[in-house]
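There are two complexes below, and they share subunit A, which is joined by subunit B in the first and by subunit C in the second.
So, the complex of A and B:
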C-alpha cells in the first residue's frame, strides 16, 4: 500500500517536472524566440538551396520497390526450383543475353501483375517480400538521420533527446523530408507506445480505388506502407534504439470527417512500440 | 530557321515546368533511396551484378511506362516528328523536369537514329563509390535505361537503351546510348478502315 502511494507521488512529481520543462522555453522571453526564428529562417534558406528532384519521380521509385521485391522473390524461387529440377533453360537464356550486351535485358512481368501475385502469394513468400521492403526502408531511415543531422536544424539536439522528441523528429523532419508534409497526429501513452497518423499518406495518394475501397484492394495496397515502417525503424536505430527493441506496424484508419476528400479513402496509422 | 526558336521554347517549357509546376524533394534523399534499393538487390543476388542490372532495367521500364503519362500531362507537348526532336525533348524537358539536369546530346549516328546522352551530374550516383568487384559488371544507374525504354515505347518508339560508359566504373564520362529500332505503328481497330 505504502509503496503504491509513493509511486503515485513520484509519478506526480515526474509529471510536474515535465510541465516545468515545457514551461521554461516560453518563460525565457521574446528575444530567444526571435533568435530561434532567425535560425529557422536560415534553415529554410539552406533547405531551399539544396539540389532537388521531382517528387513524382521519387514516389514512383519508392512505390516500384514493391513489385521489384516480388520480382526478386519470384526469380529466387525459380532458381531454387531450377536447382532441384531440370531448369537449364533459364541459365542459358541469360548467358545468351550476355553476348549482345546492348540488347534490352529480359523484363520482369508488369508491376500490376507482380502486385497481384504478391497478394496471392502464400504467407511465407509474402513475409519475405515485406522483409525486403523493410530492409530498404531501414537503410533509407538510417541515412535520412545523417542527412538531417547535418542540416543544422536549431530544433534538434540529439544529445539529450528523449523518446518523445525522437518521435517528434520523425513526425516533423523525417516526414517533411520524404513526403513534403508532417504526420497529422501523434499519440502516445508515455510508456513507449506511439501512434503516428497520416491521413494523406503520399505514396498511395495516386492510387485510384473505388470510392468504397474493398477489403481486397486495401490488402493489395498494404505492402506500400512497409518501406515507411522500415524507415521509422531505421531512424530509431540510428538514434540508438536497436531494431529488436522496436515494433512497428502499419494499418489503415478512417480519415476524420473534417478532412477534405482525397483520392485514397483511408488514412494510415503507424504503431510504434519501443521497449527501453 | 525554325529549329533554334523551337529548341529554345523546349528549354523554356522544361525550365518553367520544373520551376512552377513540380513538387520537389531533396536530391540527396533520392540518391540514398536509390542506393538502398541497389544494395538490397546486390545482397539478394549474392553480388551477381548481371541479374542486378536486369532487375534495375526492368524496374525502370515499369516506372517509365507510368512516368510518360505524368510527363505528357505536365507539358502538353505534341508528338516528335523525328529522333532529333525526341532527343531534345528528353534532354531539355524530361531530364530537366524529373531530375533537374540537362544532359548533352552527342554522337549522332549517320542515319540519325541513334544518339548519346552525356550525364555530367547524375543525381542517382552522387557520392557513390563502387566496391572493386562491382566496378566490372554493375551498371549502377541502369534504372535510367529502363525508364527511357519504357517511356519511349509508350510513344510508339521501339528503342534500345544502354550505358556505354560510367564515371563510377573509372571512365572519364557517363554516356548513355539510345538507338531507335523502329517506329511502332498506330493500330487501327479491326473493321475501322
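So, the complex of A and C:
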C-alpha cells in the first residue's frame, strides 16, 4: 500500500542519527554538501527498497469488492434456483453440470450494472451482500493491524492502551495505510462511543450518477462504506475487542463550511460503539 | 482562439458525448448531448474516419500515421485518438494550430478521472450487440464529468 511522507521523514531522522554516530564530527565546509548528497543517496536507496504498488490499482481493487460480492451472491442464487428446478430430472442435471464446466466461463456483467442490481435487489439479498463485504473488510482489518504493528511500528504496546488510544491508532495509522490520509475528526463520549468523521472519504470521491438522481446516488454508494466498517471491526477484534461487543455503522454527514468542495457531495461518519 | 464544439466517439463508432456552443459571448449557451446533432456527429465521424484510412494508406513505412487536425474553409478540426478507440474531437477557428495538449488533458484528467474511475458509470457505452456499429444512443451524462469539462473549456470559447 502507500507509504507517506511522514514515514519517510522519520526514517530520514533515523538515518541522520546513524550517520552522526558513525562519522567523525570534523565534517565542515565542502564536505557538508557531500554529506547531504550521501544522505540523499541513502534515502533514494531506502525508498527504492520499499514495497510499492500503484495507488490507482489498489483503489480500483478495493472498490471492485462491491460488484464482486454482488456477482458471487447472484451466482449462488442462480445455482440454488437451478437445483430446485432440476431436482427430479437426472438428464438435465448432468447437462447443467456439463454447462458449468466451461473452458472460458462467460464474463460477469460490468461493474456498473452489478451496482445497479445491488441497488434494486430485495432487502434480504442486499443484507447478504453487505455481510459479505463486511467479512472481506474484517479480514483486511485483522491483517492490517498485524502489518502495522510488526513491520512498521514494533514499539506499539496495546496491552497498556486504553480504548481511546486504540481508536486514535485506527484514525491515524490504519487510515493512513489504507487511504493515504488521516480521519478528519474523532469525537467520543468517553463511554465507548466514537464518531470518526472523514469529509473526503477517498474511495468514493469520483462516484457520480446523472445530475438529477442524488438520493439514489447516495443509496448506491452506501455499500462502498461497508468494507471500511468491516476493517474497523477487524482491527478492534485483533486487539481484543470481540466483534460481538462492537457495533459499527456508516452514515453520511454534511461537510463543514470551511472544507473545500470536492466532487462527492457528502462526508462520511463511522459510528463505533464498544461495550466493555 | 475560439472553440465551436467538442465531441467524443467510442470504439463502436458511436458519439458518446457532444457539446456545441452557439453564442461566443455566453459559455453556457448551446446544446449538449442533443438529438438534433446526431446527423452532424455521423458526418463528422465519417469524415475523420475516411481521412484516417487515407493517411494510413499513405504512410511510408509501417509506423502509425494519425490525423491530428483537418483544416477546412471555415474552421479547423482537431482530433486525438487513444489506443482504446476513443476519439476526442474539437472544432475551433484558425487562431491556434494545435489543441493536442488540451485534448490530452481532457482525456487524462477529466475522462479517466470522472468516467473510468467512476464505478457507477459504464465504461463501454454499448450495452449489447445491437448498439455497436454506430447504432448506439447512450451518452455520458455524468455530473462530475460535465461540470469539470465546462469549467475547463469555458474560458476557451471566446478568447
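Convention: the second predicted complex is superposed on the first by the 199 of 276 C-alpha atoms of A that agree within 3 Å, B and C clash if a C-alpha of one lies under 4 Å from a C-alpha of the other, contacts with A are read in each partner's own complex, and residues count from 1 in each chain.
Heads up, the rule we're going with is that contacts are C-beta pairs under 8 Å (C-beta built on N, C-alpha and C of every residue); 3 or more make two chains touch, one makes a residue touch a chain.
Since the model is a prediction, treat every value here as computed from it, not as a measurement.
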item: Which of subunit B and subunit C A:215 touches, first, second, both or neither; value: neither
item: Which of subunit B and subunit C A:132 touches, first, second, both or neither; value: first
item: Subunit B versus subunit C as contact partner of A:115, first or second or both or neither; value: second
item: Touched partner set for A:276, first subunit B, second subunit C, both or neither; value: neither
item: Which of subunit B and subunit C A:107 touches, first, second, both or neither; value: first
item: Partner chain(s) touched by A:207 [first = subunit B, second = subunit C, both, neither]; value: second
item: Which of subunit B and subunit C A:60 touches, first, second, both or neither; value: both
item: Touching partner for A:71 - first (subunit B), second (subunit C), both, neither; value: first
item: A:178 touches, of subunit B and subunit C: first, second, both or neither?; value: first
item: Partner with the higher number of touched subunit A residues, subunit C or subunit B; value: B
item: Overlapping contact positions on subunit A, where the subunit C interface meets the subunit B interface; value: 56, 60, 64, 67, 110-111
item: Residues of subunit A that touch subunit B when the two form their complex; value: 47, 50-58, 60-62, 64-65, 67-68, 71-72, 75-76, 94, 98, 101-108, 110-111, 132, 135-137, 139-140, 143-144, 147, 177-178, 180
item: Of subunit C, residues touching subunit A in the complex; value: 113-114, 117-124, 141-146
item: Footprint of subunit C on subunit A - complex, ascending; value: 56, 59-60, 63-64, 66-67, 110-113, 115, 206-211, 217, 220-221, 263
item: Complex interface listing, subunit B residues touching subunit A; value: 18, 22-30, 32-37, 39-41, 43-45, 50-51, 53-55, 57-59, 61-63, 66-67, 70, 97-100, 123, 143, 149, 160-162, 177, 179
